[in-house]
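Each of the next two complexes has subunit A plus one other chain: subunit B in the first, subunit C in the second.
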Partner chain A sequence: MAEEALQALLTLLVPVNLAFMLAGVVVGMAVGILPGLGGTVGLSLLLPFVFGMDQAPAIAMLIGMAAVVHTADTFPSVLLGVPGSSGSQATIMDGYPLARKGEAARALSAAFLSSMAGGVVGAVTLLLILPVARPLVLAFRSPELFMLALLGLSMVGILSGKHPLRGGLMAALGLLIASIGAAPATPFYRFTFGQLYLYDGIPLVVLALGLFALPELLDLLVAGASIAGSQAVEVGRGRWEGLQDVIRERLLVFRSAVLGVAVGFIPGLGGSVVDWISYGVAAQTSKNAESFGKGDIRGVIAPESSNNAKEGGALIPTLLFGIPGSGTTAVLLGGLVLLGLQPGPRMIRGDLDVTLLIVWTLALANVFGALGCLALSGLVARLATVRAAVLAPFLLVVMLAGAFQSTRSWGDLVAFVVIGLMGWVLRRLGYPLPPVLIGFVLAASIERNLWISMTRYGWSWLLEPGVIGIGIITVVLTTLGVRLNRRTAG
Partner chain B sequence: MRFRPLWLCLAALATPSCADGGHETLEIIVPFREGGGSDQWARALAPFLQRQLGDSLVVQVVNIPGASGLQGGNVFALRRAPDGRSLFVSSGSNVFPALLGEPAVRYDFADFRGIVGSPVGGVVYASAELGIGSVEELCETEQLLVYGGVSPTGLDMVPLLAFELLGVDVLDILGYSGKGAARVAFEQGETNLDYQTSPAYLANVVPLVEEGTAVPLFTFGMLDETGRVIRDPVFPELPSLADAYWTCRGGAPSGDPWDAYRAVLVAGFSAQKNLWVHGDAPDGRVQGLIRAAAAAVEDPDFLRLAERLLGGYSFYLGEQVEENLAATSRMPPAATAWLVDFLTREYGVRLPERAD
Partner chain C sequence: MNVSRRDRLAGLLALLVVFTAVVGGSLGFPPRARIYPLFVGGLGVLLSLAGLWAMVREGPAEPGAREMPGGTGHAPGTEADSLRVAFGRIAPYLVWLLGYFVLIRMIGLVLASGIFVALFLRREGGVAWGPAFGALVAVCAFLVAVGSLFGLHWPLSVADPFRALGVL
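This part shows the complex of A and B:
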């Protein structure tokens, strides 16, 4: 395979292919930076241009775009406390407090370097795992997928701070919101009240923006200050320090990247919560974890490494089975078919050159994307010094556009405002919001796989070794998480 | 399709259009997300329509997803002017709800005129572990047959009706996130009976057949002009469901279940993807579009692409589109009643009362 790999690299380095990859990187950075727009929108934008292009430049452009979204989406998460895409919400937990302390540049450079490392690890893992991935994907049947979704849900215990019960309540709220619309496993519509908009449920982007962005904006306006407050004088400070942070925490970077690949490659687990899972695990397994949530650089490094690595993992089921591992790969799948490729077992036999090209693009685009973002960071970090009253109208427009992009219907805007106000009230009352999102994202997977497990196996699936194993891990993690939070609180 | 700077598109992100530079636009509404089957179909066809229509008209694919394809259909029917400059792609997913009387459907295919359409086939296959090699053995087996599908009101209606017609006892596991996920479940051994549409079958199941883990059994067949179910032209070596019925039941299929099967077969497969224009659009424009489509589907470049994308079926044009789908709306009331009763009895489907 070494020879083919070299050949694929040379293909990518042909100027025209490299140019299209860079074009993809630029689009990826743009949709990453704009709150609410993510890889799905980026690919939809590029799709019309794909037709009629040669395979190599088109793939370089599509993958180049998808690779860097989670690098650039860190900007708004850190600087504004607003998620740049659905994959960078956990970065807010510590990145935003860092920005408020005047250390935005440090957080950003640490985020970009760990994004790059995570992305490269993801690409390498994709390469190594592809030949043996089929049996691995096949090992996760519905009962195991159900248990993995429960494991994801148990992260709520870690993320809810002093009040695990409130966290549980919020996760239940997320599950409830997710039950709006077409049921995942049965032909019923729930809570649609005759509104066509609700048939497909609330879009993830609308929920994420509403929960995190609108309340933040309201609080900013109430406070009336700029984000970095009075410490805004030197936002450019600490860029170097951030890079050193990553080198010091290289083990965490690697661990989180591997976790990101694993979550990405399990279909249906919801690549959009990989940042939360990674954040939760980092908080759980690190020393001196009490500083998490108050501006700990490790809280930036872990999710950023994972969310870039995830794309490598999500490509495994996409390429080998033609089933998308994330929203982005779903659209990518369509693009590949338009280019005359049929994802399936052939991707490692007949079309190996294409697969290797994808791997190289993923790795190189991650490097270019991180460098590009680093170069921009000094300039963009100044956003944090702008007064809220000046920034807010602009931000509100961008957010509304981002929300409206999900289904381009008026319902998006109404849902955004309603959820935003609900989020603001909940936040004021001291309820943690991340659990709402986790419950929301995992709900379909939980319901679907539980339904399938019960109809297929009755109760006997509960005795499967995989189910019992994941169950034990879940119980241990939840207990530990709750205890750890109690200790740090007391 | 013209190449416009990406930045222009980015600037116009919230608006669906990024290719109107003073030209008139021909909008093709795809009522599903980017990247899905209908989207691929429209995007494959669009540049060849463009080639025929020339520069004066800019062909543009617009995705209006929502409510399993109903939203886009409603927008097309209610909010687009019938000027022949808006087209609409229908697929099994937004024909079935119309067929079953879903009250949210505000469009009626009888109000539209067809431009071009294409069929697709479906192949039912079983796990080699069952030791079943033919339809005959399928009907006689005592083993537990487990079928994995998505929803009893979607394309799975066709295989479910097929099993019912053959009298095969199957444990249906419905609720997989898509036919891709159902195929993975088949490979895992979670299910042992499955179907895939022709292109997916060729790409993903043929390798399984070659390595000896899957055995093809029958195709759904295809409805010809006289209303008979004939063999699938892409898989002529496999029996159609009509042949399979003969094998298992020893007679010709007839009655309400058979009429229902033929109706859902048309909507889901034999007339799966169709391009429509408003019925009251100017006739000259409609004729022009049909002529353009007729030339587009003859383009050798398009045929090469379509072969890979759709599995090699031939396209039909103009009135043929309307006639094909009319076979669905001509389903006898007794058959509709039987179908609704079957779905309610077997799958607990509750069909809402029509408001009007």
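This part shows the complex of A and C:
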């Protein structure tokens, strides 16, 4: 296999392939920086160009794009408190407070280096796991997937600080918002109030933008300050400190990356939750955890390592079984089919060269993406020093343009404002907003897998070893999280 | 940020009403569609009641609720701020937003965004007319370029000059 791996690297290093990979990286960075556009949108945009192309440059471009979205989406998360894509929501928790303390460059450089490390770990894991992945993927059935979704939901206990009850209420609200629209497994529409827009439910992008971005923007405008407040921001300084932070926290980087690969590996769990899980685990297992949520660099490093590593994990079921683990990999699957490839066991036999090319592209694109973002960080970080009244109208335009791309209807814009106002009120009342999003992204997996488990196995699935094991982990993590928060409050 | 007890109570009651309505509404759904909202609504009702009970136990003293993790920003204001007062502060910006929406509906997102940015910069940001006009041109150019590059779509309007000119 070493010979094939070397051959795949040489194929990627052919100038034309390298150029297409870099083009993909540039598009991925642009897509990541613009809030509301994610990897799925980026890949959809590139797909028409792939048709008729040779396999190697097309794959280099597609994977190059997908690999760096979660590197570049850190810019809006850190600088504006707006999730650049669904995988960078948790980065806001500490990245944005760091920007407000005048440490935007530090947060960004730490994020980019950990993203790069995470991406490379993801690629290496993909390479190592290919021969043994099949039984692992098949081991996860509906009961285990349901329990994994509950495990994700348990992060609410950790993210709700001193008020787990309020966190629980917000998670329930997120689960409720997700129930709007078509019910799974039955032709029935819930809570649509006759509105055609609600038939497909509230789009994640609209919810995330409305919940986090609009309330933040309104409060910034009222405060009349810049994101960095009255801090005299030296955006260029702190960059090296951020890089040193990552080197110092290398174990956290590695641990979060492995977690990211594991979550990405499980189809249907959703990349939207990987950053939260990683953040929650980091907050729970780190010393001096009380500083999380107030501008702790570890709260940036953990989610950023995991969301890039997730791509490597998500490619395992996609390539080996044709099971897309997320929207992005679903579009990628379409691209591979367009190129005449048939995802499945053949990818590690007849098309091993293509698989290895994907691995190399994933690794190299992460390196180039991180370097590109690092080069831009000083420049882009200056945004944090611009007065709110000057920055706000531009942000609003980008937010509305991003929100509108969800379903391309006026409903997106109306929903954005309504959810934004709801988020503003909830925030004023002291409710934590991340649990709403966690509940929302996990709802589909919870409902679908619970229904399948009950229909297929009755109650007996509760006694499955995997279910019991994940259940124990969930209870332990939740208890530890609540205890830790109480101790911090004390 | 401190929150008045009355506002917190109103918030909890509003959530209780929403979750109760969900439970009531989902009883009329077919069995397959009913279980999940019933479970979520029931959970919400229980948590709301638990929150109310906790408030009763706290007594009438101001609890001095602190900002939660994930309240990512810095909602400005003093301890005396009620939700109503705070809303009064953001209301002018909501009027701007409403005006922006009306503009989008009339002349399309691209030109409306340019005009909105220019007027906002001039009025709220105290920016001179020259740079404000420059921003108008830059925003329109950015949206046209991004729209073309990524094949994005913009909301339909009564009369969109860019669409009429065939730019979009």
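Note that the second predicted complex is superposed on the first by the 488 of 490 C-alpha atoms of A that agree within 3 Å, B and C clash if a C-alpha of one lies under 4 Å from a C-alpha of the other, contacts with A are read in each partner's own complex, and residues count from 1 in each chain.
The rule is simple: contacts are C-beta pairs under 8 Å (C-beta built on N, C-alpha and C of every residue); 3 or more make two chains touch, one makes a residue touch a chain.
Just so we're clear, the structure is a prediction, and the values are computed from it rather than from any experiment.
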Partner chain(s) touched by A:Arg250 [first = subunit B, second = subunit C, both, neither]: neither
Touched partner set for A:Arg346, first subunit B, second subunit C, both or neither: first
Which of subunit B and subunit C A:Leu196 touches, first, second, both or neither: first
Which of subunit B and subunit C A:Gln405 touches, first, second, both or neither: both
Which of subunit B and subunit C A:Arg427 touches, first, second, both or neither: second
First (subunit B), second (subunit C), both or neither touched by A:Arg483: neither
Contacts of A:Leu221 with subunit B and subunit C, given as first, second, both or neither: second
Partner chain(s) touched by A:Leu176 [first = subunit B, second = subunit C, both, neither]: second
Common interface residues of subunit A - those touching subunit B in one complex and subunit C in the other: 31, 34, 37, 41, 45, 185-186, 188, 401, 404-405, 408, 451
Residues of subunit A touching subunit B in the complex: 23, 26-27, 30-31, 34, 37, 40-41, 43-49, 51-52, 137-138, 141-142, 182, 184-188, 196-197, 199-200, 267-268, 317, 321-323, 330-335, 337-338, 340, 342-346, 401, 404-405, 407-409, 444, 448, 451-452, 455-456
Complex interface listing, subunit C residues touching subunit A: 1, 3, 7-8, 11, 15, 18-19, 22, 25-26, 29-30, 32-33, 35-37, 40-41, 43-44, 47-48, 50-51, 54, 65-76, 83, 86, 89-90, 93-94, 97, 100-101, 104, 109, 113, 116-117, 120-121, 124-127, 135, 139, 143, 146, 150-155
In the complex, subunit B residues that touch subunit A: 1, 3, 6, 9-10, 13-14, 16, 18-19, 33-36, 39-40, 43-44, 46-47, 61, 63-68, 70-71, 74, 104, 146, 151-153, 171, 173-178, 180-181, 183-185, 187-188, 190-191, 199-200, 202-204, 207, 305, 308-309, 347-350
Residues of subunit A touching subunit C in the complex: 31, 34, 37, 41, 45, 81, 92-93, 96-97, 100, 159-163, 165-166, 168-169, 172-173, 175-176, 179, 183, 185-186, 188, 190-191, 212, 215-216, 218-223, 229, 292-294, 387, 389-390, 392-394, 396-397, 400-401, 404-405, 408, 410, 413, 417, 421, 424-435, 446-447, 450-451
